[in-house]
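One chain, chain A, appears in both complexes that follow, with chain B as partner in the first and chain C in the second.
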Partner chain A sequence: MRLPQFEYFAPVSLEDALKLKDQMRTSAWILAGGTDLVVNLKHRLLAPAALISIRNIRNLTGIDLTPDTLVIRAGTALAQVASHPAVKEHFPILVKAINSIGAMAIQHFRGTIGGNLCLTPRCLFYNQSLFWRKGKGSCHRTGAKDCLALKGSESCQSICSGDTVPVLLALSASVRLVGLGGSRVVPLTEFFSGLGESPYHILPEEILTEIRIPLPWAPISWSYQRLGMRSAVDFPLVNAAAVAVLDKGKVEHLRLVISAVGPAPVILREAEKEIKGAQPEPRMADRAAEIALRAAGGVVVENAIQSRDYRVKMAGVMARRAVKEALRL
Partner chain B sequence: MRKQLLSLTVNGDPVELAVPPNYTLQEALRNDLGLKGVKEGCSEGVCGACTVLMNGAPVRACLTLALEAEGADIVTIEGLSKEGWLHPIQEAFVNLGAVQCGFCTPGMIMASKALLDRIPNPTDDDIEAALTGNFCRCTGYAKMRVAVRTAARELQEKAQD
Partner chain C sequence: MPQQEYKLVGKSIPRVDSKAKVTGEAVFTADLELPRMLVAKILRSPYPHARILNIDVSKAKKLRGVHAVVTGKDTAGEKWGVFRYTRDQQLLCVDKVRYVGDEVAAVAAVDEDTALEALELITVEYEELPAVFDAWSAIAPGAALVHEDKPRNINVEVKIDVGDVDEAFARCHLVREDTFVAEEESYFMTEPYAVVANSHSDGSVEVWMPNASPHTKAKALSNALRIPLSQVNVRKITIGGAFGGRSDVFPAEFITCLLSLKTRRPVKLVYSREENTIATRKGHAMITTHKTGVDKEGRVLARESVAYLDGGAYSSTGPIATSVPFLCHEQAYNVPNVRFTGYRIYTNKPIGGMIRVHGRSFACGIDTQLDMIGKELGIDPVTMHLRNARKAGETTPTGSYVASCGMTECIEKTAAESNFLDKFNNPQPLRGIGMGVNSVQTGFPLGIRGGSQAFVKFHEDGGATVVSGVVDNGQGNDHMLVLIAAEELGLAPDDIRLISADTEVTPTDAGSYSMISTFGGGNAVKRAAEDAKAQIFEVASHMLEADPQDLVAANRKVFVRGAPDVGVSIAKIVRQALLMGRPIMGRGSFAPEVDQRREWITNPRGQLSQAFSFGATVTEVEVDPETGMVKALDVTCAQDCGFALNPMVVEGQFEGSVAFGGHGGMLSEEHRWHGGHCLNPTMLEYKIPVMKDMPRIKPIIVETIDPAGPYGAKEAGMSVAMSAAQAYCNAVGNALGIYFNHFPLTPERILDAIEKRKEGQGIRTAWEFQPARVIKTDDGT
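Right, the complex of A and B next:
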């Protein structure tokens, strides 16, 4: 399969890259690992005038440990993140999520953490070849004003498919977005728009440079659950992450997230509220499942390889397992 | 779309090419340098037939822009044999019948090489994890696992000599 035509820039500094992005805005895409972007280009899903490669920009890779935060630069390869001693020590949940992405030889050495977080949302009717799509008609993302998965929907319902998304959200991470005018740090809770056609609150002139994870103030217990058709080379059908702090027999802190259900991950705040402050007990996992089931029922549409009903049901199962493991039930 | 100059090392030799930006590494290696061992299977990163080593790491040549390989050290299946002698991994694949139709073989061997360079004495789990991204539609996976194990032993014995 041939690639469409585009200009290629490989600036040597972040400033040069930002200047290009400032001029070209949405017509230029950032090329990091390319393991998702290049496929989408081959399928003619995107038609950027230019790609801005970050391979020459030194300060977009690497991991720093500050007294209270782990800073992962967005262009760091997934394999590098998963094998870093500080990540292994503080956030084994992130290692587990990374190891479940695609396959080692595809994503792990080229794919980056920033790329996985900002994966283009996926849909059964969108992630297809040009030939296939021609027979189906257009949607929000291909120039029309309708959704092929959910007739009459006002926005694209594609699925947020990153494996690291629920995990980073459960770890209360934030991201640094840099533009020519300055930089800002946005918590991940405010990063997702919920619109499949423009899923992230990144301005056209901005570049994602860092993922910042606060170091836990107490030992955390965690769980990452993922359901896929196969164990490798597949995007999650549903995934869930739970991060808890258990202290003196009580649940001091809990963050519970399900993802790969709709355009944005879903934080199960109702479940968190019920569980926080109480002693861990088995019925909590069932309650989390009920709440997840209800939440997923509101966002899942018929747009993945498995049916809507199955995915909704499995969202409950993933949430139950996540709570069970994180609360050591 | 202007062509851009690309210099890299392929199988130990310095190479200079002029390629358009939308050229993949797979197209450059196969079409311009005639390295036909870099197979084009699915062309979208799923099958692993185009796997080559880029600075020692296994990458999909079909998902890597040629220009992204500027200055890189690329090794393809053609670069493994030395003075007419097959590499121990190739030997093991041949001797143990881990080759059926042969289309996935270059990618399998390159992914195995990347594994053995990192982990000289891999467990079965390591081997499976390293080869999950490579598809064999003749389904000769069991023999490949044995071949990688055998090659690992062979390479370690050689290293001791």
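Right, the complex of A and C next:
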């Protein structure tokens, strides 16, 4: 398959990249590892006038440890993140999530953590060739005002599929977005729009430069659950992350997130509220499952290779397992 | 010759083609570069069913860099079909399109971008027509017709009726009827389809493409292009997998040749993965109802099966695809009274062809039902299989004599090795064990192209060139031919050069479908080598002053049996022969003893194949009842391959068979559809297994030394592929106490069955499906 034509820039400084982005706005796309972007270009899903590669920008790769935060630069390769001593020490849950992304080749040679977070949401009616889509007609994502998966749907319910998404959210991470005019730090809770057609709150002139994870104030207990048909290659069918602090027999803190259900990850606040402050008990896992099932039921549409029904059920199972493991039930 | 005297055959040695493949040196069709070569692209129908009102190519023709644009108008209107009575596919659509992907127009341009741009400039006016997407709606009275002259969309009807089925059912101790459904599967061979055609000023055309029979392709092209057969030269090229999916003729090669003839330039067409999936072939979706009657001991006395195959838009190998699921079964099991009615039904979907597991719903239905009957009678699966297993010396219901058969040995060995009965009788929660057995043919009656011929010529240095029509599409046929020639001639594999699968040079062969390459082509090469050896011995007998009968060829020498030290080198003998004006030129041929009057529809009786392979597989699994995910733990597979010419290759075939037929085929591989659109045409969402998920596989080679096979060899691997499907199915069922009847067993289906399972429901299948019945058409036939 052929790539469409586009201009290609590979600036060596962030400053230059930002200038280009500022001039071209939405007509220029950021190219990190390209493992998502290039496939989408080949399918003619995007028609950017230009690609701005960030590979040559030195200070967009690397990991820094400050007294209270782990800062991962957006262009850092997945394998580099997973093998970093500070990541291994503080956030083994992130290591687990990265190790489940695609295959070794993606983790080692190309894929970046920023790209993983900014992955274009997926849909079975969207991630197809131009030929395929021509016969099917357009949807919210491709210029029309309807959804092929759910007739009459107001917005696009394509699927946020990154493995690190629920994990970073559960770790209360935030991202730094930089434009020519300045930089801002946005908590991940506010990063996702919930609209598949424009999934991230990132301005057309901005580039994501850092992922910032606060260091835990106490030892954390965690779980990352993901279901895939095969143990490599497949995007998560549903995933869930739970991060808890257990202290004196009580759940001091809990963040429970399910993802790969709709355009944004879903924080199961109701479950968190019920569980926080109480002693861990098995029924909590079942409650989490019920809540996840309900939450997934509200967002999942028939747009993946597995049925809607199955994906909703599995959201419950993944949430149950995540809570069970994180609360050591 | 007793086995232990063989120098090469029977030993595990690396394949002759392995180095070129692992180093990337092997040249595939898409790698070919010829001077002035153009790139072709095909415009395909975006609709499942539509009338073509008008095609306007004027703009495309004017685009700079475009050398030719062709549509149905540029063809002679020839239709392709494997049989005279199934010619229903226009090689470029003229009046109608019948599936999403049907070929409408094609361009040849200087490069791929220009060709793609030209496709965009072609405008086609369609009138969309109502479409049918599954067998039930296609046969409904009043349904839209895919081909107007085929009422109820019935493409093919195969009827077999042997013994007295009704009388036998009346005598049965137990009779049960169940319906089994399977979705479509695909091949996903590593190499997507590609064609290069190069026309010459003498009117001839050379063609390279992955194929399973160069001679069949050449004949079809000669017909469609209306040029003499002697002007179509299909060349040899490395092929990246077939699994049945390269057995047919496609519009692609016709279109590429047409473009090359028009432009007088070489033209290359390379399919995308999506095109390879939708526009070559796929497996059939299938609904099968089996009614089986047994005596008190579980011996099957009668069986009646009705099957509906969702064939897609065109016939392809329809009559064969409809028959083979039944034929494999009648070979594997002794069933004295049997009736089969098979329908292949047209739908507006991509075309169904031959695939490694012939009829998942048929095969897995048989073994699932046997397990159910065993359960009712209190008989374990091993005994059930043994009691009904085919034996050597018997004749199948449709009249094939079975000369060699290791079925019983396969069942006994897999059962013993896997400790089947112990595990079956002492079940552990969520663990399951299952057995499947099956059999495949080595060749079909194919008329003038049913046999194989070969030549052997010698070089001055004592090396030889073997010429054979056999094509290697990944399974190792080249290696097999070289090995046999080297064994016979007392040479090393390195001394043999092979020229094969080139229609200009090599003699005909039955093609590497129907599992006949070793049996047919291998025998032909063996005979050619024997002929050459006899000539060598004749010359050597003078040099060694010995009787030719007493001579042996080994280690590049000929010597008197028992005196290897005083031999004379083959090189010397070859030179002596040249001096004497009697150059060594061996020739051999082999035509299997089959009944050429046998025909798939009009006369399904008589010897089908001269030999049959038999296999049994045992699979052990663990099921996660919350997610429906299955983990396969161990697979034990045995096949009677006659004789293992190269055990390493045979074991490799077994392993591939487990992955294809069992693991992928039964746990995850299926196409999903939205209207006529295939939702998963590529490798991300069509779930072929990954290495990480494969179970431990224990291969067991069973040898029965077939009287007619080369060194006794028959076929390697296919009986494992089929029986593995059945074993996986029964193992998952055993883990959950569920008899599955909808395949493959995806996690969502498994979960659904678990939720629907009721205690005390008796022995029944997981889902109730409408049974397939004999179709009564309006004219009462």
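Please note the rule applied: the second predicted complex is superposed on the first by the 327 of 329 C-alpha atoms of A that agree within 3 Å, B and C clash if a C-alpha of one lies under 4 Å from a C-alpha of the other, contacts with A are read in each partner's own complex, and residues count from 1 in each chain.
Definition applied: contacts are C-beta pairs under 8 Å (C-beta built on N, C-alpha and C of every residue); 3 or more make two chains touch, one makes a residue touch a chain.
Just so it is clear, the structure is predicted and the values come from calculations on it, not from any experiment.
Enquirer: For A:K313 in the superposed arrangement: first (chain B), second (chain C), both or neither?
Expert: A:K313: touches chain C, not chain B.
Enquirer: Touch check for A:A232: first (chain B), second (chain C), both, or neither?
Expert: Both chain B and chain C are touched by A:A232.
Enquirer: With the two complexes superposed on chain A, say which partner A:R2 touches: chain B (first), chain C (second), both, or neither.
Expert: A:R2 contacts both chain B and chain C.
Enquirer: Quick one: is A:F131 in contact with chain B, with chain C, with both, or with neither? Answer first, second, both or neither.
Expert: It touches chain C, and chain B stays clear.
Enquirer: Going by the contact rule set out at the top, does A:I305 touch chain B (first), chain C (second), both, or neither?
Expert: The second partner, chain C, only.
Enquirer: Touch check for A:A105: first (chain B), second (chain C), both, or neither?
Expert: In the superposition, A:A105 contacts chain B only.
Enquirer: Share the list of chain A residues that count as touching for chain B in one structure and for chain C in the other.
Expert: The answer is residues 1-2, 231-233 of chain A.
Enquirer: Which residues of chain B touch chain A in their complex?
Expert: Touching chain A from chain B are residues 1, 4, 20-24, 43-46, 48, 51, 54, 57-60, 62-65, 67-68, 70, 111, 114, 129-134.
Enquirer: Can you list the residues on chain A that touch chain C in the complex?
Expert: For chain A paired with chain C, touching residues are 1-2, 124-125, 127-129, 131-132, 134-136, 227, 229-235, 305-307, 309-310, 313-314, 317.
Enquirer: In the complex formed with chain A, which residues of chain C make contact?
Expert: Per the stated touch rule, the residues are 44-47, 100, 112-113, 116, 272, 274, 626-629, 668, 672, 674, 677, 679-681, 684-685, 687, 689-690, 692-693, 746-748, 751.
Enquirer: Spell out the residues on chain A that touch chain B in their complex, using ranges where they run on.
Expert: My answer: residues 1-8, 10, 31, 34-35, 38-39, 42-43, 51, 53, 55, 79, 102-106, 109-110, 231-233.
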